[in-house]
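Heads up, the thing below is written out as structure tokens.
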Amino acid sequence: MLAEEQRISMADRLRADFPALHQSVNGRPLVYLDSAASAQQPSCVIDTVAEYARHDHANVHRGVHTLSHRATDAYEGARDKLAGFINANSRREVVFTSGTTEAINLVAQSFLRPKAGPGDKILITHMEHHANIVPWQLVCEQTGAELIVAPMDDSGTLDTDALYALLDERVLLVGVVHVSNALGTINPVEDIIREAHAREIPVLVDGAQGVPHKAIDVQALDCEFYAFSGHKMFGPTGTGVLYAKEALLDAMPPYQGGGDMILEVSFDKTVYNELPYKFEAGTPNISGFVGLGAAVDYLLGVGLETVSELEKDLLEYMTARLSELDGIRLIGTADNKASVQSFILGDIHSHDLGTILDHQGVAIRTGHHCAMPVMQFFDVPGTARASLALYNNRDDVDRLVSALTVAQEMFA
Amino acid sequence: MLAEEQRISMADRLRADFPALHQSVNGRPLVYLDSAASAQQPSCVIDTVAEYARHDHANVHRGVHTLSHRATDAYEGARDKLAGFINANSRREVVFTSGTTEAINLVAQSFLRPKAGPGDKILITHMEHHANIVPWQLVCEQTGAELIVAPMDDSGTLDTDALYALLDERVLLVGVVHVSNALGTINPVEDIIREAHAREIPVLVDGAQGVPHKAIDVQALDCEFYAFSGHKMFGPTGTGVLYAKEALLDAMPPYQGGGDMILEVSFDKTVYNELPYKFEAGTPNISGFVGLGAAVDYLLGVGLETVSELEKDLLEYMTARLSELDGIRLIGTADNKASVQSFILGDIHSHDLGTILDHQGVAIRTGHHCAMPVMQFFDVPGTARASLALYNNRDDVDRLVSALTVAQEMFA
Amino acid sequence: MSGAGDSEIRELYRSTILDHARTPRRFGRMKNPTHTAQGINSLCGDKLEIYLTVQADKIVDVSFDGTGCAISLASASMMSDRVIGQSIIEAMSDIELVGDSLNGSSSATLPGSLEALKGVREYPSRVKCATLAWHALGAAIESDGSVATTE
Amino acid sequence: MSGAGDSEIRELYRSTILDHARTPRRFGRMKNPTHTAQGINSLCGDKLEIYLTVQADKIVDVSFDGTGCAISLASASMMSDRVIGQSIIEAMSDIELVGDSLNGSSSATLPGSLEALKGVREYPSRVKCATLAWHALGAAIESDGSVATTE
């Protein structure tokens, strides 16, 4: 445990690493409270990407010349870093995708679609992001399988008993979000995985909001699939990871066809490449993953324990300060939460709130947060959401609260 | 037409814009002759990407705050640039993908798969890249349709009569490469499209090697689909475009599900977003496309006419110089060619050639170039390939030729 | 409130707007509309339904319901004030005028009380809110039953 | 030839290597092998088939065919020189030794005439060529009929 002053000086030091935070917006120093949508990048990531392009770029895997070799080393080096970051058993289990969304679609099409049919079920929760809903709806349409949904309560806590009661032999897969981007709820994925496995049901964890905030150990979790995005963990956009157990990947048909995912092509017969390449067709986002490798180094340098602690402390502070406001309704009040607070302020529409805050240099997200079923559950058209990352501090929260007060005055 | 000195000074000026070219490799100034695999980026692209990350990054489309607005403007601004670049009728026809490979897979799964069945045919040519073979093989496996192949001759020229003879009412789509990456052949896609349309068959053009070298006008071509990659046209990796006619996109089901591609999600019913967003699920490669927009500006600044002219001149020079070498066999000698020359030197395996050239600072590609059927056709395990871009000059070609002479001596 | 450009945000949320947003005119479902359409702003989840009674090419009645931010509700309310009694042709021309004027493609001033919407020009991300009702009105007039969006 | 590091490339393509590559020993299909496996290097399209006759845990005959670069052919040829007459256990230990030594994970010297391969260490992209035959040999010994690759 860090003492309070240590936390404060730590956060200030980290903040200095992120150039985008040091600017004025509408005449005020920027307060960035939208990291759950996309995080800012530290200089080391931005510079790594640029240096790669300036010195080392070439296509990967197929070249014998020096640049191609350097590019391949940098790209595959990033895979090793990511494998270590989530403690995968092997780099063969780390499939690079364009993001969480593609990772889940890959599982939906290559793992689930071939085995799904009428009567089969896919079980998700009521607090999923669209990325963990729509891919399954598409498979259901394609195969006649059915999407079923485990409920949550008014605090945004998953009803795990109800979820377990839905686990029957027709459930082909459980898809559950690790940390809800709309509510901040941290789901007990360890328990869910254990219960699902007791019934031999595989589990996909949507970890988009997991990886930036806490240490992930996929072997300890023992999930079949874990999906996440680079741009939410301080890396470049257009990068993501599907972790999957090797035996499953081995048994799955490829997702896309093209270069790099094959060993041999003729018009009669095509032999697919080894893992993970079987699932990486075409020229990958080389510079993006090289940058993501740098983001992993950065996060490990700070230490995920430190990140969790800083954010937990700040989230408590933010929730307390927001609660002081007249007429505020906090959405998402589960006991176990991370880095996100959604709310509604009186009868001010979240969109108006967003504009008025932006006018004061405070960036929050407003609307449905790609989780419309959550909005339907709470019967609101949208919420305002302030989300934290390792670079936020108490001053940011104070600025948020005073900007909200201004909005209240304007709408008084 | 530029005079020779103009061409030379132009190429030198352009070369100065590409930082990666100004380095030594193995003690010699780098000669980069591998742009067909992946092109280098001009400073303006590298800087645009870095500046975006330093000042303007946020998630797109869903935010009301300033950074989100700037990011959306930059990202959607890039779409407008790309629409203009290929003269699309509307920005709705410009779908952003991770590359040519994903673009073709999208067409295979969303356009073709729903309508294909046993007895249906997909017609491609013998000179396709794996990216325009394997996606169709996957669809054939999934649906029972059949992949058929139009032949070429010993020069690497497509036999268009044979292709036309294969166009019957069971052909659902013609897929043809605009410029072959292995052979350099420029195919008469205008004629092929006209003949296919006369039989009401839609055409996909694999333009990966088209866009960096000549002006493309998709409305003049009148093709249904045109696919290309950002990293081959001096933009960042992880970016690509599927151009498609709006009416086709409208009728196609989405490819991937997730955020941004929907208007409304509930567990019962999901309403898809408008074009092109229906086909862009999840957070896109924002910085990559912002960089690609800068690459378009750069290319238009140079002028595609100039690019074609510079490259045509240099290709002629390279072919002439290579022909001087004892025991050289040029692979790909069609009349109408662009920017690429494959060859075999005596009985030196291309891979050994690649290493010996690299040792002298000359980067070429060796192997099958993701076009194994082409290798099978010429009955070679692979070729050496030198490919040109707007930044190459005669000195590069001379260095290539003298390095090849050294290899000959070593293997003499 | 401190910070630069206060006048701009006060202009956006001027009292006319706040008043229309709080007590929108003609808010509610219409019994037997001749024309109707929905407008959705995917950005913020705004959703309006527009109801029209058109007789002999004239809008004899108009109402709307749904949810939205202050800007979209105010704009819908002011729209209903404006178009009631108009001919279809007049309404179509207003739709175009409002769209062009707010997204900056025309410098034409907004007619009558719609002038209150002009502050939105400084907030490009909010233009879609202000034009949502107008898009939906256009869709209702064409009445193919489709969903209008503000993309 | 000019440029730095000439000695390195001469070391890679030293005469032993070029000689083995030009006239590979035991090149050709075996009639009735007891074990066989294929090795593919997806990088450059090298493709070797290894044939073994194993009797009482001893490699009494070995041959190979296929296509490859000088490095992979020379390595296969030298391998056949080396393992003929070896016990399976000896061969397996050589496979490991060659792999570790060439990819740099061990500083052990290469046994006997295999020493000629050591120049490849300076060319990481070519290590796969040099180890291809050895991978395939290992696969042949295990003989589950699968394709060995050098990834």
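Labels A, B, C and D are assigned to the chains in the order they are written; within every chain, residues are numbered from 1.
The definition used in the following text is that a contact is a pair of C-beta atoms (placed from the backbone, for glycine too) under 8 Å apart; a residue touches a chain by one contact, two chains touch by 3 or more.
Since the model is a prediction, treat every value here as computed from it, not as a measurement.
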Item to check | Pair joined by the larger number of C-beta contacts - B-C, A-C | outcome: A-C
Checklist outcome for this item: Here the gap between chain B and chain C, centre to centre from mean Cα coordinates and rounded to Å, is 45
Checklist entry - When the centre of a chain is set as the mean of its C-alpha atoms, what distance in Å lies between chain A and chain C? => result 36
Checklist entry - Distance from the CA centroid of chain A to that of chain B, rounded to the nearest Å? => result 31
Item to check | Approximate Å spacing (C-alpha centroids) for the pair chain C, chain D | outcome: 76
Checklist outcome for this item: Multi-partner residues in chain B (2 or more other chains touched) are 26, 62-64, 68, 262, 264, 351, 355, 366-367, 372
Checklist outcome for this item: The positions of chain D in contact with two or more other chains are 43-44, 125-126
Checklist entry - Using the touch rule from the top of the page, what pairs of chains touch, sorted by label? => result A-B, A-C, A-D, B-C, B-D
Checklist entry - Can you list the chain C residues touching chain A in their complex? => result 1, 3-5, 8-10, 12-13, 18, 43-47, 67-71, 123, 125-126, 129
Item to check | List of chain B residues in touch with chain A within their complex | outcome: 19-20, 23, 25-26, 30, 32, 34, 37-38, 40-41, 45-47, 49-50, 53-59, 62-68, 98-102, 104-105, 108, 129-131, 133-138, 147, 149, 229, 231, 236-239, 253-254, 256-262, 264-267, 270, 281-288, 351, 354-355, 357-358, 362-367, 370, 372-373, 376
Checklist entry - Can you list the residues on chain D that touch chain A in the complex? => result 40, 42-44, 124-126, 147, 149, 151
Next on the checklist: Looking at the complex, which residues from chain B come into contact with chain D?
Outcome noted: 26-28, 348-352, 355-356, 359-361, 366-368, 372, 375, 381-382, 406, 409-411
Next on the checklist: Per the contact definition, I'd like the list of chain A residues that touch chain D in the complex.
Outcome noted: 61-64, 68-69, 72-73, 262-264, 271, 273-274, 277
